[in-house]
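Same chain, two partners: chain A is paired with chain B first, then with chain C.
Moving on, here comes the complex of A and B:
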C-alpha cells in the first residue's frame, strides 16, 4: 500500500497485515529451526547470527555515517575478552558481563572516534587498521589475557541452568541478534539515525542545521563498537575458547566485505551480506547444493542463488 | 523601532593567505527586514555567510546576534541560536527523502536520544510521538512551498529548482530568526523565480523571519530588499535602499556594468 494515512506509518516497522504475517512466520521459523536442523547447521546459524550483529553495527558506521573502519576485529576481541574476564575474574553473571563488555568496546570506539574527527577515507582506514592490529598484539603479549595461548571461555548460565549445547546457545544468540537488528532499524528511523545519515551526505549542511559533528561522529563509532563488542562476547561462548589469532586483520576485512556486499546503508542488506562465501559459509553452500541434487525439493529455487553466491 | 542588537557585523575581516577575502565590512540588519548583499563573483559574499555560520573564523571583527558576539562558536551552536542558511551549491542530504531532509531541520527541536530512539515499539512510545509531532510541523512547510509531490522521493534525483526549494524548506524547519539565503534563485526559470519572490515575502511577513540574501538576479533583489550592501573585492562600496544602490556610480561601475541592466531592473 502506498497510501499513507498518518505519520506513524512513516516509521512503523510493519504497516500491513501481510508484513505482520511474514514477520510472525520469520519468528516462528527462527524458533522451529534448531529443532529440525542438524547440529552443524545450528552451529552455522549461531556463527552467522553473530556476524549479523557485527555487520549491522559496522553498517551504522560505514553505511550510514560514512566513516570507514578496518579495525572492527579489535572491538570484537575487546568484547570477547571483556566478557570472559568479567565472568572469570569478577564472577559476574554472563548477561551483565556481556553488556559491560559491550560498553567497554563502545568506550574504545569513542576513543577511536576522536582521531576520526580529523581523518577521512583512506587515512581513517589506516588509523582504524592500526587500532585493530594493536589490540591483538596487546592481548597476545599480556599474560592477563592468556597471551598467545588464549583462554577458555566459561559457559553462560542462568543460575544452575547452563547453556552448553549449540541449540541452547542458538536461542541466546539469535534473540540478542534479533533485538539488536530491530534497535538499529529503529535508531535509523529517528533523530539520531537521521543525524548520522546527514553527516554522511553533507557534513557542512548537517553542521549548519545544528548537528553536533563531534558528538555524532564519535557516537557512531561508539554504537558500532558496542555491537561488535556484544557479538564478540557471544563469539567467546560459541567457540568456548578464544585466542588472539581468532581476531586477526582478515576478520576486519570480512566484516567490511559483508557490509559492502549486503549494501551500504541497509539493515536488511547487513543480514543478507553475511552470505559472502568464506570457508565456513562455503561449506554450507556446498551441502545445500548437495542436498538439492539429492532431494525432491526442486521447486525451491535455492540452487541458482547459492551457486552464484559461491562464484562471487 | 531601531534595534541594533538584533544582528550586526562590525569591521569583519578575513584573509586566505595574502588574499583579503572580506575587508572591514560592517552592516546592521533590522529585525524583520530583508537585507541583500550584492557584488561580482569572488567579492566575498559567501565568505561573509560562512563567517556568520561559524564555518570560517574571521581574523578580526565582531558578529553580534541578539546582543551577543557569536564569533568563535561552533556551527551547530550558532544554528541552535536560530540562524539557518541555504547554500549556493546545493548541500542536501541526497540519499534522504524530502521529508527526512526537512525532519533533519527539526533536529535542534527534538530530543530523542539513542536509547528512546532505538527502543520505540508502538505509536505511544516517546520517540514515535515526537516523530509524529514534528512531521506535522514539516508538513506545514511542505504545504507552504508546494513540495507535496516530492515528499517521499529521494532528493538526489529531483529537479534543480525543487532541490533549491527543499533547501529553503529545511532551513525553515529550523524555525530560524535569521535566515541566510545564498543565491536562492540560481538555476531557476523565471516562473520559479516569481514564486520564490512570493515565498520570500511570505517568510518575511508571516513568519517574521529576518532574511539576509545573496543574489545575482537584480530584478529579484530590487523587488524585495529593504536595504542592500554592495561589495567588491571584499571591500564595501556602499549601502542603501534599492533606489540608492541603482544610482550609485561605483556600483554601476563595479557590478552592474551597463545601463541596460539597470533599465531592465527598474
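Moving on, here comes the complex of A and C:
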C-alpha cells in the first residue's frame, strides 16, 4: 500500500483519504478554537503560532540544510521593526508592510549566508551569534528605531476594519502560520528542498553532483530569515509594543532549542517542539532518549528564573 | 590619547585573552565550544564575593576558594552532562553548553538576585602611575601581570609536564591516546577544571571594573569567543594574541570613530577575518576530507 509508483505520488500533500479527513478536521478545529477558548488561551495560541513560524523557518536552515544559526532573534527583530516602520513612516497597508519586512529580513539572511559559505560548526555559530547581537545593539542605539525605549506598533486593519483583540489577530496569525508551514512542507519536496538535504548530508558530495552551493546555502539563509521576519512582524502586532530587549540572545537560543526538541529535519516536529514546552507535558518525554530529556528539563527549570530576572 | 587608548586596550584585551584561553583549552581537547564559560566564571566570582563579604575571609582565601569551586564546577558539568550525550554532533554539544549557560544564569539570579554588587579588590582602580603620555591604574597592572603569569604557567604546563603532553595527545587523536594508556576521560575532567579556573580568574579581575551581577560575563564571553576565533580556536598563543588585538582595536575604534558602536565592531572584525582566513590568524588551516 505504501509503495509510491510515480513522482507525483511522492510529492502530493496527503496520500490517503484518512489523512485528508484529519487534515480537514485540523482546519475545522483551528477555526472553532477561538470561539470556545478563554482569551488567555487565544493569546497563547497566537504566541505559539508565531513561534511555529520561526521554528519551521529555522528548521529549514538547521535541520534540512545543516547550518547553525544563533542569530535568528536578529531576523525576528528586523521583521518586527521593518513592519512597524513601513506602516508608520510610509503608511503602507499591513500585509504589504509585513511582506516587505520579510523580504528585508531575507536580504539580511542572504548577506549572513555569504560568510556561511566558508564557515561551519562553531565558527558559523559565533558569526551568526555576532550578527544577532549586532542587530540588537544597532537598533538600541539608533534613534530612528526608538532607541532603548522601543516603539509602539499600529494595529493592522483592512480598510476601516481594525484587528484589535487577540481573537481577531488569531485568524490573521494562524492563517499566515498555516500557509507558511504548508509552503515549507512543499518546498522540501521540490528540487530546492532536495538540494538543501544533499548539502546537509555532505556539501562536497552535493557539489560534485551539481548542486550550486553558493546559491542554495544563501537561499536557505534567506528563506529561513524570511520566515523569522514575517513572524517578527506578527509579534509586533501581538505585543503592540516592541523594544530591543525583546530580541535578545536568549531568544535565539530558545528558537534553536525548539528546533532540537522537536526534531531536526521535521516540520511536524517543529510544531510540537513549540507546543510541548509551553504546555508543560513532561511525562511524554520519558521515553525519548537521554539528551532530549535533559534539554527539555533544562528549559522547564530555567524559564521562570530567566523571566523573573529579566523583569527585575 | 593614542597611547592611552592602546594601554587601556591592552588591559581590557588581557581579560578577553583569559576568556579566550579558557575557551580554547576546552575546544582543543574536546572540540566543544563552551558557551557556558561566561556563566561558570560569573558564578565563581559570586562565590568569591560570598566568601569575601558575607563570610569575611581574607582575599587570598576567597580567591583560592573561588578557583577551587570553579574547578569542581567544571568537572561536575563535564561529568554529568557532556559525558552523557550519546554520539553527539556539534549542534547538540553547542546546545548542551547553552543549557549550562541558562541553568547557571538562572541559579545566580535566584541565589544572589539581580542587584549590582561591588567586589572589594585589594588593588585600587583609581590609584594610577604615569607612564609617559598615558596613565595606568594599579588594577590594570595587576590584571596584566596575572594574565602574563597564567599564560607562562600554561605554556610550561603544556610543554613540559606529563599531563600537558597527554592533553595534547588526547586532542590530536583520542583513540590512539587511549591505546597508549592515557585515561582520556580523566584528561577531559582536568581540562574542564583548568578552563573553568582560568575563567574564574577572568571574572574576579573583571568584577572591580564592571559591576557584579548575573550579566557580568555576557559581553566579555562573546568578546573572548570572538578573540579566540580571531586568533584561531586551536592555538593557545593565537587566542591570547587575538584577545589583546581585539582589546586594542576595539578601544581605538571607540576613541576615534564611534563610542556608540564600539561593541559592534568586534563582530564586524570577526566576520571579516572568518571570510578571509576561516581558521583564524595564527592557526594552521586543516582541510576536511569527504
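Assume the second predicted complex is superposed on the first by the 270 of 312 C-alpha atoms of A that agree within 3 Å, B and C clash if a C-alpha of one lies under 4 Å from a C-alpha of the other, contacts with A are read in each partner's own complex, and residues count from 1 in each chain.
In this section, a residue touches a chain if its C-beta (ideal position, glycine included) is under 8 Å from a C-beta of that chain, and two chains touch if they have at least 3 such contacts.
All of these numbers come straight from a predicted model, not from anything done at the bench.
S.K.: Where does A:202 make contact in the superposed view: on chain B (first), on chain C (second), on both, or on neither?
M.R.: So A:202 meets both chain B and chain C here.
S.K.: A:210 contacts which: chain B (first), chain C (second), both, neither?
M.R.: In the superposition, A:210 contacts chain B only.
S.K.: Could you tell me if A:192 is touching chain B, chain C, both of them or neither one (first, second, both, neither)?
M.R.: Once the two structures are laid over each other on A, A:192 reaches chain B alone.
S.K.: Contacts for A:90 in the overlay, against chain B (first) and chain C (second): which applies, first, second, both or neither?
M.R.: Neither partner.
S.K.: Once chain A of both complexes is superposed, is A:250 in touch with chain B (first), chain C (second), both, or neither?
M.R.: Touch partner of A:250: chain C, not chain B.
S.K.: So in the superposed three-chain picture, is A:68 touching just chain B, just chain C, both, or none of them (first/second/both/neither)?
M.R.: Touch status of A:68: second partner only.
S.K.: One more residue to check, A:24. First (chain B), second (chain C), both or neither?
M.R.: neither
S.K.: Have a look and say if chain B or chain C is in touch with more residues of chain A.
M.R.: C
S.K.: Using the superposition on A, tell me which residues of chain A are in contact with chain B and, in the other complex, with chain C.
M.R.: 202, 204-205
S.K.: For chain A, which residues count as touching chain C in their complex?
M.R.: 62, 68, 70, 114-115, 118-119, 121-123, 125-127, 129-131, 133-134, 137-138, 141, 202, 204-205, 249-250, 253, 256-257, 260, 264, 289-291, 294-295, 298-299, 301-302, 305-306, 308-309, 312
S.K.: Touching chain B in the complex: which residues of chain A?
M.R.: Contact set of chain A toward chain B: 6-8, 10-11, 183-184, 186-187, 189-195, 197-198, 200-202, 204-213, 219, 223, 265.
S.K.: If we count contacts the way the header does, which residues on chain B are in touch with chain A in the complex?
M.R.: Touch residues, chain B against chain A: 53, 55, 74-76, 78-80, 84-85, 87, 91-96, 99-100, 103-105, 107-108, 110-114, 116-121, 123, 127-128, 130-132, 135-136, 139, 170-171, 174.
S.K.: Please name which positions on chain C make contact with chain A in the complex.
M.R.: Going through chain C, the ones touching chain A are 27, 33, 81, 84-86, 88, 90-92, 94-96, 98-99, 101-103, 105-107, 109-110, 113-114, 214, 218, 222, 225-226, 229, 233, 260-261, 263-264, 266-268, 270-271, 274-275, 278, 290.
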